[in-house]
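Across the two complexes that follow, chain A remains constant while its partner is chain B and subsequently chain C.
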Partner chain A sequence: MNALAFARRLLSPRGWIAFGVLAIIGVVLIPTLNSAVSPESALGVSDRVITLLGKFVCYATAALALDLIWGFAGMLSLGHGVFFALGGYAMGMYLMLGIRGQGVYRSNLPDFMVFLDWKELPWFWHGFDNFAFAAFAVMWVPGLLAYAFGYFAFRSRIRGVYFSIITQALTYALMLLFFRNDTGLGGNNGLTDFKQLYGYPLALASTKRALYVASVVVLLFSFLLCRAIVTSKAGRVLRAVRDAESRVMFLGYDPRSYKLFAWTFSAVLCGIAGALYVPQVGIINPSELQPANSIEMAIWAAVGGRGTLFGAALGAFVVNGAKSWFTVALPELWLYVLGALFITVTLFMPDGIVGAVQRLVEKRTRAAAPAPAPGGAAS
Partner chain B sequence: MGHMARRGMRWASSFLLAWLCLFAPWAVSAALGAVDVAMELRIVAGDDSEQAAQAVERLKAAGDPAALPALQAFDDGNLRVDAGGNVFIKTKNGLKPAVPGGAAQPAGGLKTIEPDNTVRRALLPALAALKLTSPDRDVRLAAAEELAKRPSDDVATMVKTALAKEQDSAVKTKLNLVIAQLDLASTDPARRINAIELIRQSGNIDFKADLERMVGKGGNATPSEKDPKVRDAASAALSSIETRVLLIGMVGHLFYGVSLGSVLLLAALGLAITFGLMRVINMAHGEMLMIGAYTTFVVQNFFQKSLPGAFDWYLVAAIPAAFCVCYAIGAVLERSVIQFLYGRPLETLLATWGISLGLIQTVRLIFGANNVAVANPSWLAGGYELLPGIVLTYSRIAVIVFAIVVVAFVWLWMNKTPVGLRVRAVTQNREMAAAMGIPTKRVDLGTFGLGSGIAGLGGVALSQLGNVGPELGQSYIVDSFMVVVLGGVGKLVGTIAGALGLGIVNKLLEPAAGAVLGKIIILVLIILFIQKRPQGIFALKGRAAEAG
Partner chain C sequence: MTLSAPTNSLEDESSGDRLTAEPPTVPLKPSTPAPRSRRSRLVSQERLDVLTKGRKAVLCVDSVSVSFDGFKALNALTLILDAGELRCIIGPNGAGKTTLMDVITGKTRPDEGNVYLVGHGHDLVGQSESEIAALGICRKFQRPTVFQGHSVFENLELALAGKRSVWQALFHGLTKADRETIDEVLQTIGLKDARERRAGELSHGQKQWLEIGMLLAQKPRVLLVDEPIAGMTHAETERTAELLVSLAGERTVVVVEHDMAFVRHIAKKVTVLHEGSVLAEGTLDEVQANARVIEVYLGADHANG
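Moving on to the complex of A and B:
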């Protein structure tokens, strides 16, 4: 497969240079254009665009997490929205308690609890007024759920489409749970009206910029981490599991622990992405848990090119950029476009954009020098 | 000698009868003419409501059916009285005398009399008591029910007489309950025990509160019944009634469960067929349900406009229509997209999801984003009330029957037709089947169409149970997949067991845990279940099992 070749190429000097350039653009150039250049000028980046980009960056991190398990371990999760939302809810709870006393009811309780006539915080809200506690919860809540779910799922060797269906049922069930008012997480409306994060007002442009930068940094680090996993020995076992799980077992490996590790790590990554997403969009509600949202994540990875890491992140930008444009310009057409994306990518571009570009490049190099095809491409 | 003796006997018996008439409690009612109906009616129509109420009581005690029309008219506000105190009933054709043989024409100064509360309290039981003699069974039943609501000692005799003559079992039961209710308050412990026995036999839940009071359950902790024997009988009757209530409740939940199971079965059957045959996860399957439901809507509208006379039968026409529409769409999908994705289940999943988005949006653009109204035909409206609060609606019963018919057809098609034979051959071993000359591509096309068509049938059923909107299919897709996962692949019986099991467990959990928690519990149960049986309830054995 091209995946391995691509991951190797990232280790090459050219790969590092590309990574560095993208990092500088993301972390330095765009924030500078936002703060120093007036938004009216051609080069200016408005606050709205910064927030939008920040959102995309979070999506890209989630797509990266999904690609790690789908592209490299062969498990298509249709429930990654769960981990994204759980991270988001953990952050949302912290932000919600940050409102204290500034809500509509001037109460120490979040507004929706006052509305439901609750007298005190439910037990699982305790501790969320502490940023460190919340930041930790952002990771361990999705991680724990993923571990428990994966432990049972992999133990009974649920794989392929069965795994996809079960994960979809997971997100469906959690959506129903979070829609309930009694669950204690705001029900239908979710958590919103946030005021400040760690003392910084969320309405300030500088806070938005900082959140965006943080998201980009997280994306870059996640990329490096995922790349490290994929190119390690464990990553090789994972790919072997993807291609022939039974054979891996017969060779004496225990595929379960490898899958469980990748799955849990992916969930934690997704949770972090969700946690950064929530303060930027200002709301988290159960619609994030809709099965449709999780399937959309899969299409991000597929459009960009799954099994390439870089492609998944790229796909998140492309698809969500298109979505932002269409839902404003041609709202009726968006679902058709999305549907067509699903179909064309699966039918005609199994390796996504990255794969298509690669093939193009290979063709050209082959045309220039009729050398034997580059080896090492596993099938 | 013998002649004399017989005459003596007759005389003695008639004496005895007369004696009974005089002293037995029902003497008054037996002795017709002891109350002059016309006279009493004059008092009823008079100004003094106390007097009127007493007159009504006397009429009730007399039990003369002659008073019934007048009292009924009184209740309906159709009673008129003239200046001379003659009473008339207003009918559509004018006035007629309240009692046969009364004054034919009013003597001027006609006025309407209506019962006030004092009179009405006496009037309703009196009407009911008199109606017990009616030849119409439904009238008697209604009367008995009315009496059971306000029992009083003076109707007891009348009820007993009616009971002796009564042939209809339903009316008999009700009358017995009236007696039981009266006996329950009696001072004689034997009569109370008797009454409790009657109640136990009838299993009527209306007495639950009474019995609870007697044994000291529920609201007040001290038993109102002093006699321990009676109390024992009461608690035995109570537990019998409670068991009955529980049983009927269970039957009700079971019914809802089977009904939900049938819906899931209709939704999952096609999915199981396509998945079993070609390992295709069709995410657009839910949309086939939705399109089936919308086809029903279109057929309904067509009948409304063009064939209003036959409107009730639109549903019958919708069944083949929905099947054909969905079959066609399924066949087109198979040819255009799915056939290129065989052997890549995850890609099929994504592609069919894309198709489903397109279908939803198309329906939204044509019919609007809001729900559309699909009416039940009149023969499916209403239901059978098992207990207060548990109604078995005819539409749900029809869906269960429909599911059985569809499953029967699919079974016949799979097992008894040459086409079904080919389908099974391709399911078990595609290459071998192809080598034997079976056109696997055509089998794929037909089977996918059939799976979609069955989903269309499910859509017809869904349109009769709930709202029809563009997102209809989305709410069923997860559940249908659960059925397929639970039931295992490639076996009809697995799908049936999965669907019914899921439906019934869902409905049994719902009252205890709530709908949402119930669903979550079920998901956890399914995950745990798959631990034990990864291939579902009915697993395919051998090589076919490995292919998944």
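Moving on to the complex of A and C:
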């Protein structure tokens, strides 16, 4: 397949234009407004906003990963926070070793280990002072856990709500594990007090900006990768598995291997998102593993519109944007708003924001021209 | 190989001309049935020769018995299907038609008996459903099960023979030959104009044809079709009859059907099942003239008009 045909398979021409516009806004415009325009002016983007946006972008990548398996393979994971947190912890371990000797105790060990009176690094911390090692771990640790979990879950033909429940149990179990001090990952407090990433001080505005840009690039790249998967034949097999798994088996496919592939890939994406998230928020602790966090991811995808990829990312921005605004302006109202949002979407927008917009556009085109034009679903 | 088989049977095989060779003197049933636990048993070649002597057989169901809680669904049933024929299987409710299909496709394991696919060295009994499907024995169930959310083209693409691994599905597009096969199938099932339509939007009859097309895309040797015209309009029934007749020849088509008018329309050869075994076999006229058939089955049908 040549490059042009491949590009056309990924997105429609209009889709590419929209993608390009969003990419320029995300990668060029916003960072420029941050660095070149004074934050006091109307167009200025403060450092606080850059970090906030960077956080949202990481959430959007996680939502994208979730949509790949929920929207296209029909597996609702209520434990994707696990992979997000594992990627985050892997990055956190690297950052933690980056401040050796600069902690409160001036020790070569992270502060919490000194506090626990440990004399040397636990075995699994070795290698994490190397950036490449840590970056690799960000992918393989969540990937391996997902593979092992998925292998047994799919072999036992666990699906539907039962699958959701055990993923929820997985995140809860891991949360309890990570809360323990003996686990060696900072217990309750987690890993924090980071100072530098690959030699660049995290407090600098330019580092924050770079992290934000890296997150956006990862999001854009992940989107294209997910598009490539769902528009390939493998994507069609996954949708077929979602709609009629036994029929797929009857055609001679092994649905398990397809699910396992999508599930593991999704976990790796989530891990990368988590790794970019941690240096921007400056902390990773077991609260990321709370079941509620994973459920919130599903809400992002549902609000934006599942099975559209773009919708899931959009949902992450909308819900988190609303959350940021409400928790500052009307903090006691936020949970009510979230609940109301979820009810509204479930009742009135079953396909989320993207689905609702699509239906509106279709209605208008049908009203304008009697012959319905064949429309590309996701552009 | 059974112990009681004559030693010269090996030479018979190596002589190559199985159809004209003297039928070796073998017992009708293998005297020592192979243990059930073994996953795949070799076909007893002598037995196959006896069964298929003088005909171009493709599939042999050899004295198969199945019982459910003491009820004998199939009772030492023997059925031989020839290459390229269109066979109708009829019989009253509970005669064992569906159970027979289940045994052939590996869904039900018989208590006794074997199923042979000519040219395949192993007994089909004991092989999994997907293994049997991969050998080219495809089944069309009564209810249409197509992928509703996929287009007609995509449905056929997924059914296309070959390429089943994730890796292949991720990186390989359709070849020119693949597209041609799909176009051919679309032509055959008469859904060329519906190519890009969602399968969920098709009418009931069209869905049935699409599913037959999906089986064709798998390039089957034997096509088993369960009550294809249930719920179809008159025009759809006509079209289905044409389709099934056109499919035979290149492959063997087996149709299980209740509707006698439809059977008369398509069938050259009919097998009547009753209480789990073959009651009569022949053209529809021969079968209808058979006194026992009239007694157990057609008599009731005639009474209904």
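Going forward, the second predicted complex is superposed on the first by the 361 of 379 C-alpha atoms of A that agree within 3 Å, B and C clash if a C-alpha of one lies under 4 Å from a C-alpha of the other, contacts with A are read in each partner's own complex, and residues count from 1 in each chain.
What we mean here is this: a residue touches a chain if its C-beta (ideal position, glycine included) is under 8 Å from a C-beta of that chain, and two chains touch if they have at least 3 such contacts.
Treat the numbers as computed from the prediction; the structure is a model and nothing was measured.
Visitor: Classify the contacts of A:249 with the two partner chains as first (chain B alone), second (chain C alone), both, or neither.
Guide: Second partner only.
Visitor: Should A:257 be classified as contacting the first partner (chain B), the second (chain C), both, or neither?
Guide: second
Visitor: Does chain B (first) or chain C (second) touch A:76, or do both, or does neither?
Guide: A:76 contacts chain B only, not chain C.
Visitor: Identify which of chain B and chain C touches the larger number of residues of chain A.
Guide: B
Visitor: Examine A:345 and indicate which partner it touches, taking first as chain B and second as chain C; both and neither are also allowed.
Guide: Once the two structures are laid over each other on A, A:345 reaches chain B alone.
Visitor: By the touch definition at the top of the document, which applies to A:240: first (chain B), second (chain C), both, or neither?
Guide: A:240 contacts chain C only, not chain B.
Visitor: Based on the superposed arrangement, let me know which partner A:229 touches: chain B (first), chain C (second), both, or neither?
Guide: second
Visitor: In the complex, go through chain A and note every residue touching chain B.
Guide: 76, 149, 152-153, 155-158, 160-162, 164-166, 168-170, 172-174, 176-177, 179-180, 291-292, 295, 298-299, 302, 332, 335-336, 338-343, 345-347, 350
Visitor: Under the stated contact criterion, what part of chain A meets chain C in this complex?
Guide: Chain A reaches chain C through residues 1, 229, 232-234, 236-237, 239-240, 243-244, 247-254, 257-258, 261, 374.
Visitor: Residue numbers of chain B touching chain A in their complex, please.
Guide: For this pair, the touching residues of chain B are 279, 281, 283, 337, 340-341, 344-351, 353-358, 360-361, 365, 474, 477-478, 481-482, 484-485, 516-517, 519-520, 523, 526-528, 530-532, 534, 548.
Visitor: What residues on chain C touch chain A, complex-wise?
Guide: 129-130, 133-134, 145-150, 154, 157-159, 163-166, 169-173, 196, 214, 218
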